[in-house]
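The following pair of complexes shares a single chain, subunit A, combined with subunit B in the former and subunit C in the latter.
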Partner chain A sequence: MHISEGVLKPEIIIPAAVVAGVWVAYLLYRLNFKDIPKIACMSAIFFIASFIHIPLGPTSIHLILGGLVGAFLGVNAILAICVGLLLQALFFGYGGISVLGVNLLMIAVPTIFARYFVKISFKERKYQKIYQYICWFLVGFIPLLCSSLILSGVLVLNGKEFLAISGLALAANFPLMIIEGIISLFAISFINRVNKELLN
Partner chain B sequence: MINPSISIACFTVFSFFVALSGEIYLTHFLPLIFLGLIKFRYIFEILKRLVFLNFFIILVVISVLLADNLNLALLIFARSNLIILFGLLSFHKLNSYSIALGISGLGMGNKTSYLFYFCVRFIEIGKMDFYKFKRTLKARNFNHKTSIFVYQTYANLVAMLFLSAFKKSQMLEKTMLVRGFDGKFYKFQNSIKFGFCDILLIILVFVSLILRQGVLV
Partner chain C sequence: MIRLILILLCGVSLQAHSLKVFASQDGDFVVIKSYFYGNSPCRNCNVDIIKDDKIIQNAKTDENGVARLKLMANEFDILVDGSLAHEKRISFSTDTKITIEDDNQISKIIYSLIAIILIFGILYLIKRK
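Then we have the complex of A and B:
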């Protein structure tokens, strides 16, 4: 899901770095000290997700868990994912520092929607159970769908030479979207059974 | 050993300059040669990792080659590998706490320092929890294959990681309150040393970026 260093044009890297930098600085400014442990633990989960390999046919893919992080933190998920992405860049070489802004806007911003899906899943409705399951699936599915669309869009904006790779990236991420949706559906339903207060 | 704060700062400067440059020069290799000499013992491990990280870059290069733009393909390949290699050489085998300390050494504020420090701590705890859950699954003869049952099991594992992380974060929050936390990040004295190698790395990074000699791509 990460865009590697050296691939993008300065016209994309610089504005993305400025927008992401200003946003992160603003979130840090209004961050309360007592919220730091919660954000740090979500950031750690986002980092650990890269170790969790889920089988898919003859191969396996690692989870992103951005949707679940967003479901618990809301807009502060941007901070948690920023820390996670920076640590992934330094430890493993995934992504990088110059593309941190692009990767952050691509992965973290769509996770804010996840909070909305969790909120609406608890509204009283007809067929409540089915409605809840759909919402919880979307917690994992929608952020990743948006991230993949942004990834492809960024690659297309980078030049017509990147059309092939942008199509491939979108197609390759589709199974991951479904798996993340299933994982978030089962995970939230587990948390709902064990500790419902966390979701509220 | 290079000071982690200096490594992070040099890596940031180097990656931005190389990523934004339209040409690759021979002088760009100067800091890499220096870091390579320092990490000479691990050079094969690092190169192996570099080959693995080239998967996405190769796909991008093929995509650009399909559009008949050899020069851009070579530029992307060289730029990506230069930056990734710099990062791998700088941070290979570096303790996670050193990174957290390195970030706090950059003077980005107490909130950022605490965020990174706690994150690194939670990563260690979370990794232990994750491996413990995996061992339990293995002990119970869990069959790792594509099925809805396997996905549900992994989802439960993820949920347990979330619950355990939340519990630990709440405990930490209470501990901070009990200890009268005032938001100040205290460091050990002399925890970050500044030596000859750090100065040399800074000089080499700036020389490589200013002195543009020998166009490669």
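Then we have the complex of A and C:
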């Protein structure tokens, strides 16, 4: 999912870095200190999840769990993922410092949808249980789908030579969307049973 | 006389499938060349670097029967497997000072988690004021 350094044109990197920087600064400004321990925990979960690799044919994909982070933190997920991406770039060479803005907008911004799906899952419906399970599945599925679409869009914008890779990136992430959807479904279902307050 | 010729012929046929392995140092790397009798390269053959009866590195030879590996020890054995029981084990030693990069993922993960605690800890202290 990470875009590496030296791939993108400055016309994409600079505006993305500015937008991401301003957004992170604004979130830091209005951040409530009571939320910080939860953000730190979710940042650590996001960081660790990327080391869980799932073999898929000749290659392997790694978890992101952005949906779960977004489900718990809402817009503050951007802060948690920003720290995670920064450390991944510094210690492991995933992505890079110059493309941090692009990677942040690509991975973190779609996680905000996860919070929306959690909220609507608690509305009264006819088939409440089935409706909730679908919503909780979408918590993991939709953010990753959006991230993959943004990734493909960014690669297409970068040049025609990346057209084939952009399609491949979308297709390769599809199994991961299903896996993350299932993980979200079970995780939120469990949390809903044991401590529903965490989701509020 | 006929017996002697037969024995010599058997010896030649055995030699025809013998595996030769040579290793030389190239900077911080060891270059392993392997070929069968008659200069036929040992292509895609498995190469194990063994130290204290443990495999510390593994590679495959290329189309020319050559494998290039970073030096990870001063003394080790090189085992080339040409399949069908064609194996050759040689010893290699060097006086070069070996510098092994710290590629321990666990320690990096621990440092990263400490960094997360520090970053958010500082943020907590700033925001609490």
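Definition applied: the second predicted complex is superposed on the first by the 192 of 200 C-alpha atoms of A that agree within 3 Å, B and C clash if a C-alpha of one lies under 4 Å from a C-alpha of the other, contacts with A are read in each partner's own complex, and residues count from 1 in each chain.
As a convention for this text, a residue touches a chain if its C-beta (ideal position, glycine included) is under 8 Å from a C-beta of that chain, and two chains touch if they have at least 3 such contacts.
Only a predicted model underlies this, so the values are computations on that prediction, with no experimental measurement involved.
Visitor: After lining both complexes up on subunit A, report clash or fit for subunit B versus subunit C.
Guide: clash
Visitor: Quick check on the superposed pair: does A:51 touch subunit B, subunit C, both, or neither? Answer first, second, both or neither.
Guide: Both partners.
Visitor: Please work out whether A:142 is in contact with subunit B alone, subunit C alone, both, or neither, and reply first, second, both or neither.
Guide: Neither partner.
Visitor: Have a look at where A:43 lands relative to subunit B and subunit C in the superposition and call it first, second, both or neither.
Guide: both
Visitor: What's your read, subunit B or subunit C touching more residues of subunit A?
Guide: Looking at subunit B versus subunit C, the one contacting more residues of subunit A is B.
Visitor: With the two complexes superposed on chain A, say which partner A:31 touches: subunit B (first), subunit C (second), both, or neither.
Guide: After superposing on A, A:31 lies in contact with both subunit B and subunit C.
Visitor: In the overlaid three-chain picture, which partner chain does A:89 touch, first (subunit B) or second (subunit C), both, or neither?
Guide: The first partner, subunit B, only.
Visitor: Touching A:154 in the superposition: subunit B (first), subunit C (second), both, neither?
Guide: Touch status of A:154: no partner.
Visitor: Overlap the subunit B and subunit C contact sets on subunit A and report the shared residues.
Guide: 28, 31, 33, 36-37, 39-40, 43-44, 47-48, 51, 83-84, 87, 91.
Visitor: For subunit C, which residues count as touching subunit A in their complex?
Guide: Going by the criterion above, the answer is residues 105, 108-109, 111-113, 115-117, 119-121, 123-124, 127-128.
Visitor: So in the complex, which bits of subunit B are touching subunit A?
Guide: 8, 11-12, 15-16, 18-20, 49-50, 53, 56-57, 59-60, 62-64, 66-67, 69, 72, 76, 78-84, 87-88, 91, 94, 96, 99, 109, 111-112, 114-123, 125-127, 130, 144-146, 148, 150-152, 154-163, 165-166, 168-170, 172-173, 176-177, 181, 183
Visitor: Would you pull the subunit A residues touching subunit C in the complex into a rising list?
Guide: Within the complex, subunit A touches subunit C at residues 28, 31-33, 36-37, 39-40, 43-44, 47-48, 51, 83-84, 87-88, 91-92.
Visitor: Residue numbers of subunit A touching subunit B in their complex, please.
Guide: 2, 4-8, 10, 13-14, 28, 31, 33-34, 36-45, 47-49, 51-52, 54-57, 63, 65, 68, 72, 79, 83-84, 87, 89-91, 93-94, 96-99, 159-165, 168, 179, 182-188, 190-191, 194-195, 198
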